[in-house]
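A, B, C, D and E label the chains in the order they appear, each numbered from 1.
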């Protein structure tokens, strides 16, 4: 072994590619940086990029392929489902995996996957932020919780519902799933109106969110719309246009004051000529954290790397982080943003 | 009651949207008996063309009316061109092949076109310019039914009537019906079958393009994948109404839309599609050729 | 008027016609007889362009038509009543007849011909608005024949027009064929199993065996021919 | 012993406004060849369809007495049940299984007389193998009867028209019918082939099959039939021996026309 | 060789494609930043590409016609030369050794290639079985089923849920999953038997969607979209295997299942039941008139097809150890159907080849990365055009018949 092999797995083609490809770019930038510095412990870092199209069954193949090619650490996968399917394979081979985007709580909380880490906070944390904000800052009493029936969206929505009910300060007047890709959401929008909700918490991604918000505004329903990091994406603002104004979304804490963050964005712009996409910063952070841990551990031994990840703080694009024993990053968290004049602005 | 009316209109709009796409489905099916899975993609391409053209024109500073007309025209032209080409490339060589071969070819075409647009225009959602303005006179009803809903309903009705007239009374319409029933005999009475089939694809694709323009403008966003789900729903609508029947496609679309809307409104949107498909199964059990479909004539 | 020169036709790898030569003159009734599978229908399909010949030539009024599309051939005045009738099943009787006149635009003429075919086959008039597919076999045959007449062809190709018809109607059919030939000077190319009656109204006849023409002669001579009698006239 | 094999009484059938069959009575006796004739559209095929369960007649009774001495009422039965009871038919518009071989077409006919099913197919027990062998042998025998023994491995679609008609008969024979219904078996055949067909039908009768046939070829009908029924507009207009029918003025007017020997 | 006329036509074709692709390939408009990017280079590529392709196709076509002409010209007894494949298939002298060789290769495969390849091959083998199962329904019985994946899902969830709730192991779940799927096949079959052709297709599609939507929405039952994880891999006599061993184990299970399936399907095809299916596909009315019970025969086809899908579902769950509803979409049904049609409907070998091609192809197209699915779609179309009957078309078997009773059927 004369190189450190860093695997990058996720959706790199197909409809979810836009969530997976920024991770590849991030890894390339980090690795180029590290290698330019002379590598890790004298070894160059080699990238192994594999596509799993976010499908569990493909992800097992991807994982097997990476393991077969002797990968040491893996950055990925992107979707929670694919990650869950792939993890046992990595676990068996003693490969540490770090995801920039898989937010399913079970991944860290079940204890089934000791080799899993992530640089993004889990859904329950996010839902907590949303509910706290809805109840405390916005004083909502009747909340409609809507989701996109997907793994991420429905999970988020369920936590939100749980937290609202537990709080006792507000009630969930509607809990519904919408079908992604449907041509029209006016029926659900009418139902929201009828439920008398004074706010909506939405779990899902931006395409559906923008359709729902647009139709709400068209029907003159002007209540709060609170959603998660699946919506905290500039595309949402672009697509929803003026309907997006006033929409709240939770998202990773604002890093724009972090010099590492700005530097990474700059580097991306310089190399690829455009703004980076979704999960770029958390991916950048994950790659950096992984390589840092390998360096600190001085070997590619699983236990040593795990130890290094948990023991050392590392400065990344998402701030100074280390990992707790479950694999969640300590130091990342959520902030609430609002669209104001076509931009997400932190409100809390 | 107001809630009911709201749901009614929301269902009608949704149904009209399905119907617009289903019309093209049903025409193509009627003439070559092919479930044209690529039809949804043709619709998507129509929407994309409209998106590109209208964006370019608006950047160049054209007035709204001109943008609408030109974007609609461009969408129709390019959709038709794609429909025509797809037929020539992927279906025509399979005229005499076993029945399922063109179906697979259609699935392949659908995958190809999706990825073609994905690669050329990225997978990101793009904001579709609002081509249908909010009419002032609609303002009092806007919480029930919006301007774009109204336009969609009207256009769908016009299209249905126009198409029915075309098929029933024009020469090309007669030729289409004859071709669909017995291709060899159609040739023997002097019909240029190739041209009739091409014409069917062109008309069907142009309809899809109009649908694409209206729907995208109604939803306000597009990406390469919008054709797929819409296509499946439209296909369901076409079958529900009796595949091959023009009013059937519209009726099927509307019933489908209403079912989904009322299921969402009174039960739960979690299961709207379950309701829709269950209704389909139920109706087909009692009317095996769809609501307005002619029972297949099989003289023994 | 029509000439086939060394025509070969294939279905995939199967050769159905082997060097067919025949000739039809203006105003004639020609009949082609032969056993099942000899290639009679294929000959007609080759003329109509549905099964275009792989080798050889088809000349119509001196012009080669073996590379012309079927619809163009119809437009040139060659019309066929194919074997098996091929009614448009979901069109009504009336619409089926309209389809026959697809290439015509003289409304008055069409109406006149419509009346004419209804006078030939009154049952069709009764069934006017019924779907073609629901007609009985014989009714369909009458309809197919009428539909071809609606095109006012110069050359009418008939493939077993008497198949499945009642005796009374068969006689009528042959009378009608003769009548069309006499009155409108329509040239007729008749393929028949009912060789006896076909030869009685025909001017000349050809015998086809295994895709080749074996005998060609005047109709009355064929009727008298021993071999033909034995093989095709049940004598 | 009862000599009747098929007894149809009061059979009526409507299609929307059209009354295709009106109160039709008909009988076929054991060992007989009976012909059903009538102008085009008289309702002959419809009669077959009603009797064999393809259509469900509006009213009337269809009773079949099989060779085994069983009596069954066939009304409302599915076509496959009717065939099982011992009545098989051919179709006016040939309906062969085009992409199967000639032999397989006939083997299909044996379906209702054999039993092996999923397990039998998979395990191929000796019993099943014997059954399969028996099917093949019987099918060959039948193909020899109709003169298609040389075509066994040919695809049905490649047969000439006349051969296809004979294959239809073979397929029907394979179901071991007591009564065979033939719908225009000679249509599209030349006189030579028709002659062969006549021989075939006679042979079948001699082997004990009873036959009810629809045909427009009067020479064939008159030489073959023991008795003839004549229909017009869904009604029976005459019945009797060939001689009686040939000279019946009603029949001549409606169907035969003046001189017969054309 | 290429005439001016042909050049001109190719030029026109290329012009047409330039026009066709112009808005989508050349213009990239951004409505937010209000920028337009003109990608003229794409137009250039399209022009050159379509011109060259068109010329190529013309050349190939002329050569094909020439060959045909030469053949008909030489006219030495028109023997229809059978393709090599059919010769091999029909002659046991070649078939058995070949099948043996393939089996041996399958058995040593894991030792020749790495785990990854073995894993992929296992997937491909699963699709072979799925294809063969669907082939019963579509290829033999002629019932167009666009919702086949529903039965696959039933099998997968049977195992996952039975294991989660009752701790039922893989080997128990295999037959149970198959049975559940078969029952679903019958439940679906009953109401839709009246439907013909494409009406059936849409109902089956709807049924597939209904199953998936229920799995997605009924959290209490199926854990909804987040799926079920930690499904155990098959164990051997209660011993838990290491990952490599488990992959090997599943691979061999699949090899065995493929062999069993081929055996069974082959026997079914040549049986009384198989013939009834084919006859039913050809002509329902004639079929009934020949005494075949339409309902029973169709239901059997549905149930048997579903059985295999159910079994594969169990294997799928065991192999990925994680399942969620997103694995059972319409596209999956479409792929399985493509395997059947592309391989050659009704032909067992065809389906096998079809599965290997369609499942391995995207794996090896990975090199094309972004262009992978584009190429996949195009290949589907092109293959269909060049081989409309499928890669290997089905030839009806002929029956040998000896007069003497002892003669064995071969």
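Annotations
Note that contacts are C-beta pairs under 8 Å (C-beta built on N, C-alpha and C of every residue); 3 or more make two chains touch, one makes a residue touch a chain.
Here is each chain with its UniProt name: B = Branched-chain amino acid ABC transporter permease; D = ABC transporter ATP-binding protein.
The structure displayed is predicted, hence computed values, not measured ones.
The fewest steps needed to get from chain B to chain E, moving only between touching chains, is 1.
Relative to the centroid of every protein C-alpha atom shown, the closest chain centre, again from C-alpha atoms, is found for E.
Set against the C-alpha centre of chain D, every other chain centre is closer than that of A.
At the far end from chain C, in terms of centres built from Cα atoms, lies A. Of all chain pairs, the one linked by the largest number of contacting C-beta pairs is B-E.
Note: centroid distance chain B to chain D, computed from Cα atoms, is 48 Å.
If you average the Cα atoms of chain A and of chain B, the two centres end up 36 Å apart.
The geometric centre of chain B is 42 Å away from that of chain C, both derived from CA atoms. Distance between chain centres (mean CA atoms), chain D to chain E: 42 Å.
In chain D, the residues that touch at least two other chains are 45, 54, 91-93, 95. Shared interface positions of chain C, i.e. residues touching 2 or more other chains, are given as 14, 134-135.
Residue positions 126-127, 270, 273, 298-300 of chain B are each in touch with at least two other chains.
The touching residues of chain C, counted against chain B in their complex, run 48-50, 69-72, 74-75, 79-80, 82, 86-91, 95, 98-100, 102-103, 131, 133-135, 147, 151. On the side of chain B, the complex with chain C involves touching residues 171, 174-175, 177-178, 181-182, 184-193, 294, 297-299. Of all residues in chain C, only 14, 33, 35-37, 84, 123, 130, 134-139, 141-142, 160, 163-171, 193, 195-197, 231-235 touch chain D in the complex they form. Residues of chain D touching chain E in their complex: 52-54, 78-80, 83-84, 88-89, 91, 95-101, 103-104, 107-114, 116-118, 120-122, 124, 129, 131-133, 135-137, 140, 152-153, 155, 171-172, 174-175. The residues of chain B lying in touch with chain E in their complex are 29, 33, 35, 37, 45, 48-49, 51-53, 55-56, 58-59, 74, 78, 81-82, 85, 89-90, 93-94, 96-98, 100-105, 107-117, 119-121, 126-127, 129, 232, 235-236, 239, 243, 270-271, 273-274, 276-278, 280-281, 284-285, 288-290, 296, 298, 300.
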